[in-house]
Amino acid sequence: MTDSLVPVLEAQEKMDTDKMWVIWGPQHPFSHGLWTLKLKIDGEFIVDADPIVGYLHRGWEKETENRDYARIIPMTDRLCYCASMTYSHLYCMTVEKALGIDIPEKAKYIRIVADEVCRIQSHLMWLAAVGTDLGNLTVFLWAMREREYFLDLNVKLCGARMTTNYPRIGGVRNDTTPLFDRDILRTVERFEKAMWDIIYLIDDSSVFVSRMKGISYMTREQCANLGLTGPAMRGCGVDFDIRRDDPYDNYDKVNFEVPVLNKEKKVGDTYDRYMIRIEEMFQSCDIIKQAVQKINAIGKNAPYRLKTPTKVPAGTTFGRLEDPRGESIMYLVSDGTDKPWRLKVRSPIFTNVSCSKAMCDGIRIADVPAVLAQIDMCLGETDR
Amino acid sequence: MADVIQAPTVDQVSEILKREFPDISILCVEERRVKVKCPREISHDVCVFIHDNLTFEHCSVVTGVDYEDHMMVVYLIANYYNGLMIDMDVDVPNDDPHVASVSDIWGGANWHERETWELFGIVFDNHPRLERLLTPDTYEFFPFRKSYKLRSQE
Amino acid sequence: MAWTYLDKYPKNLAKSLWIMKPVITVTKLFFKTMVHRPVTVLYPYEKEWVPDNYRGRPGLDFDKCVGCGMCARMCVTQAIKLIEVDDDNGNKVMRPQVNIGRCAFCGYCAEYCPLDAMTVTPEYELAEYTRYDLLYGPRRLKYDKTTEGMKVKLEVTLPSDVANGNPERRVCIFDIDKPELNDAKCIGCKKCAKSCPVSAITMVEKGVNDKGKPIIRPEFDNSKCISCKNCVDDCPKDALQIKEVL
Amino acid sequence: MAVATYTSILEWINFNNPYDNPFTPFLSDNLPYDIAYGLWEILGGTLAWLINLLFPNNVVSTWLLCDEVCVLMSMLVFMLLIFIVAFVVVLLNLWMERKVLGRVMDRRGTMVGMKGFLQCVADGLKTFMKENTIPSKVDKMTYIWCVSLIVGLSCLVACMVPLSDRWYVVNYDSGLLIIMAFYALAPFFILVSGWAQNNKYSLIGGLRAAELMISYEVPMLIIIATTSLLCGSFNINAIVAAQSEIWFFIPQFLGFIVFFFCAIAECERPPFDIAEAETELVEGWQTEYAGMKWGLIMLGDYLRGSVSCGMVAIMFLGGWTIPFIGGTAAPEIVFLIKAWFVFFLMILVRGAIARVRPDQILNLGWKVFMPLAVINLAIVLLLKIGGVY
């Protein structure tokens, strides 16, 4: 009798009876886009995670090798619908660096304004996603309502809401419209008041805070080593912002603070990562106000767009910029013709999502949307 | 080895690298940017040195460039203390596209190396999991090589 | 440090009675929207105001257009194709046709049109029943209420002007970039003259060559030229190139 | 051949007092039964008259109007009436939720016909017309029967809540206990259907439903016991009558708060909808249900929601009475207004806070609600001993 039981017992020992893989995605309410997260769960706890991306791989970088430099700008908008302005900016900046030209002051400030508007609307989109991920639709709609005013600013500035196509190699597409400074200051002032309602809804609610507090701790070393960048990194104690520490365009001429939490503790949780982005929105408002003043001071007839040669001299160069989601880099290899030889995009989310295993370690299933909402997924730029 | 220097300046970086590794050449030095060229045999040692002694904690990009006659692996390595970046180029011959993986030094390089492998066919030795990431597993070619033509290029 | 938000949070939640503050905030908005209307726009009945430079579908001024094909060249998605149509006098002319199904609404056609014939329009309701209906021919692209803002001007400042201390001068690219002839390469095939949409190129005889045949060379009328690069593209020997004034 | 004598229809329809009928199941005044009885007298009388016109002096006509058949038929009409009223209340709840939630979120809510009310009807029609797909790997019997049991139990409970002292189905002395007992049955079937669907999301959802139940059921029952202690009876009429002067939510304010949140958890509404948490479990235990089954489950959910509100209104807000006025001409309306007010509060809570994590619900149930319920019990005991009640 005992002999007959041996294979059964052996099989039982081999079986992982209490752990199972749950596969989230590619179509799943928590994944804002097409990607899969395989989770190995032990009861309610996560023991292993394996993100799978690539459903949206379009060969973006290969496609650019076929186009002349000017016609790549609309393509950069399509990398990420929330951060279209920063990506076009980054691309134009990189090409300008390869050309070795210095663009007019006014264009630099207009780009700062456009970038910060883009940062605020991207963060608001993220806030909306956090709301739905935690199961509250009111935050979603209120954040989207605020975002709409900034999209209206985009329309006034460049004629389109999201795929802006605004920066150009050597400047920007068009000058600011006559009442733009008035509109933008009104919107920003309105936003600074209206934002508090959403903050009351989240930060004064013990449910929201307890959902985010104390889960998914990341240390400073982990962040730096795994390549987690952006607000998520600054919440864990890494004091680094490309706008301040590696300034591009005119960011060294405006005053702003970079919100960093846990500088001494060197470890941060999901709530810290959340708080960084909220404060960043207020700092962006400050930057916008200063930059609008500078634009007004420069005057109406100042140049905003330089004429640039269509052919870029051979060489390699790269531009680096603080995206709303982290550090984004474009690495350009030019060969002296009017088309790039190679254009590499370093998307912040691509690296951030590879950290999801470290972020999901030991948390509960119900926490996963809250934790992964902080990397603000956007698949267009992840898969490229 | 030399002492740990937190937040080195551009001149310090080029000086120390030249002193420690006579094989590598400093291509150009700009404001907050150092561009070096490194033979592939010592690339891993250089990376360890940069990480441990020069406190470059963050590897932003690992990518490949196909120059048709040879390939190149580009490492962009960043310092969080002063925003310095090292642009390290490693030439790789077409017939033997191997280079040492740096994902044991910087965990963030893991996916970048996987991506570079699947798009350019540059093999990263000792990589923990060199599988296809963005493209389907069934692909047997490397789509970002110049020898792979798009439909419009043919 | 001047924090707006981080100064006040995180805070002791007992002070806001755990969940009472959000409930009160929500109730406040509830009563507010009961009195005022919600911010939602009842879309098909109400529409938002759009500015002049709003990038809807492309529009075309048929008579202004010369059929240079600059829009087709700059189009990112190859949505624009030049087709042959009859103009008002019955002559065959080339005019752009836009496939709205492919259009990316980037506004490049309006921006790069040398004559401002191509414009952006504020029309964005473009749904059709078939894909064929999405093809906008040159006549259908007409937009009546074109304003100055819709003709997106491509005005740049020359780097040389900035260096000279005259940064306020803005010029149109199409006024200054002119084609240049490399005389050694030219074979006098007259292709450039044929391809020129504004007939700015005339073929002029310049002496005779060794074999006694006439040497024909193009001559450019720079006042007419719109620097559309058609001659550069059509030249079989790469004898022409646009000279960029910087 | 005998010529049929024409008899007036009025000789067949005569309105008797239903309580004179020896088979009447109700002892006291019951408005829906009165209506049903009257309706049957009109319908059955007309039918009997018509049959008698065709076949004079037949047996069927007299049989239709005999006491036994009258009671049987009017019971059928009575059931229909009770269910229709409960159903319409649920539709109104649904409409209110959509409209109020819309206003809270700065949007308009539903807009289809009659200020958006017809959207519920359209949704119902849509779910009924969808294809009834059954996944091939499910355990078919449990998969199908669980829906019937969940929805059936919800309907039963919804019909058992009295709208007033004259609008009820049963009037037991243990009425409150019976309602709560049926009410607490549904999570078991949620658990079973989670197993039956052979889907990981459903399984986790079903387990979470059980987890949820053990966290809120105990404090809830303690408060029910406290309430009955306060008025000395489990009978709903007695509980309402005891609140004629002062509503119970004043002496047991803590109990009101705890019961309110437990009632939200009971009907699995946000923020306690962990069993169907859509961001992590897609649709939780309902993932594999499609079309009509899903529509019925949603209907069941809202039926349970309206029961929760009714229970809060009965136990803490004085039911169908108004303090110092007592009964009104239409006590049902008074009761429904109170229930809708409670539902309005639930919507506001839903709009304001996020979903709670399963372990946090357990913490909340056992470390916050449970002590509060016991303190509430202690306060009531003190009031009792002090002779206030």
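Should a chain be cited, it is by its letter among A, B, C and D, assigned in written order, with residues numbered from 1 in that chain.
Here is the rule we go by: a residue touches a chain if its C-beta (ideal position, glycine included) is under 8 Å from a C-beta of that chain, and two chains touch if they have at least 3 such contacts.
Bear in mind the structure is a predicted one, so any value in this text is a computation, not a measurement.
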Touching subunit A and also subunit B, the following chains: none
Of A-D and C-D, whichever chain pair has more C-beta contact pairs: A-D
Between subunit C and subunit B, distance of the C-alpha-averaged centres to the nearest whole Å: 40
Subunit A-subunit D separation of Cα centroids, rounded to whole Å: 48
Between subunit C and subunit D, centroid-to-centroid distance (C-alpha), Å: 63
Geometric centre distance via CA averages, subunit D-subunit B, whole Å: 67
Residues within subunit C bordering two or more other chains: 19, 22, 25-26, 29, 39
Two or more partner chains touched - positions in subunit B: none
Multi-partner residues of subunit A (at least 2 other chains): 138, 145, 201, 205, 207-208
Set of all touching chain pairs, with the criterion as stated earlier: A-B, A-C, A-D, C-D
List of subunit A residues in touch with subunit D within their complex: 20, 22, 24, 28-30, 44, 131-139, 141-142, 145, 201, 205, 207-208, 210-211, 364-369
In the complex, subunit A residues that touch subunit B: 53-54, 57, 59, 61-63, 66, 221, 224-229, 238-240, 242, 245-246, 316, 318, 320, 327, 329, 331, 333, 341-342, 344, 346, 350-351, 354-355, 383-384
Complex interface listing, subunit D residues touching subunit A: 101, 104-107, 200-201, 204, 270-271, 273-274, 277-282, 351-360
Subunit C residues touching subunit D - in the complex, by the definition given at the top: 19, 22-23, 25-27, 29-30, 33-34, 38-40, 42
Complex contacts: residues of subunit A adjacent to subunit C: 67, 70-71, 73-75, 77, 101, 104, 138, 145, 148, 155-156, 158-160, 163, 165, 170-171, 173-174, 177, 192, 197, 199-209, 213, 257, 259, 261, 271, 275, 278-279, 282-283, 301-310
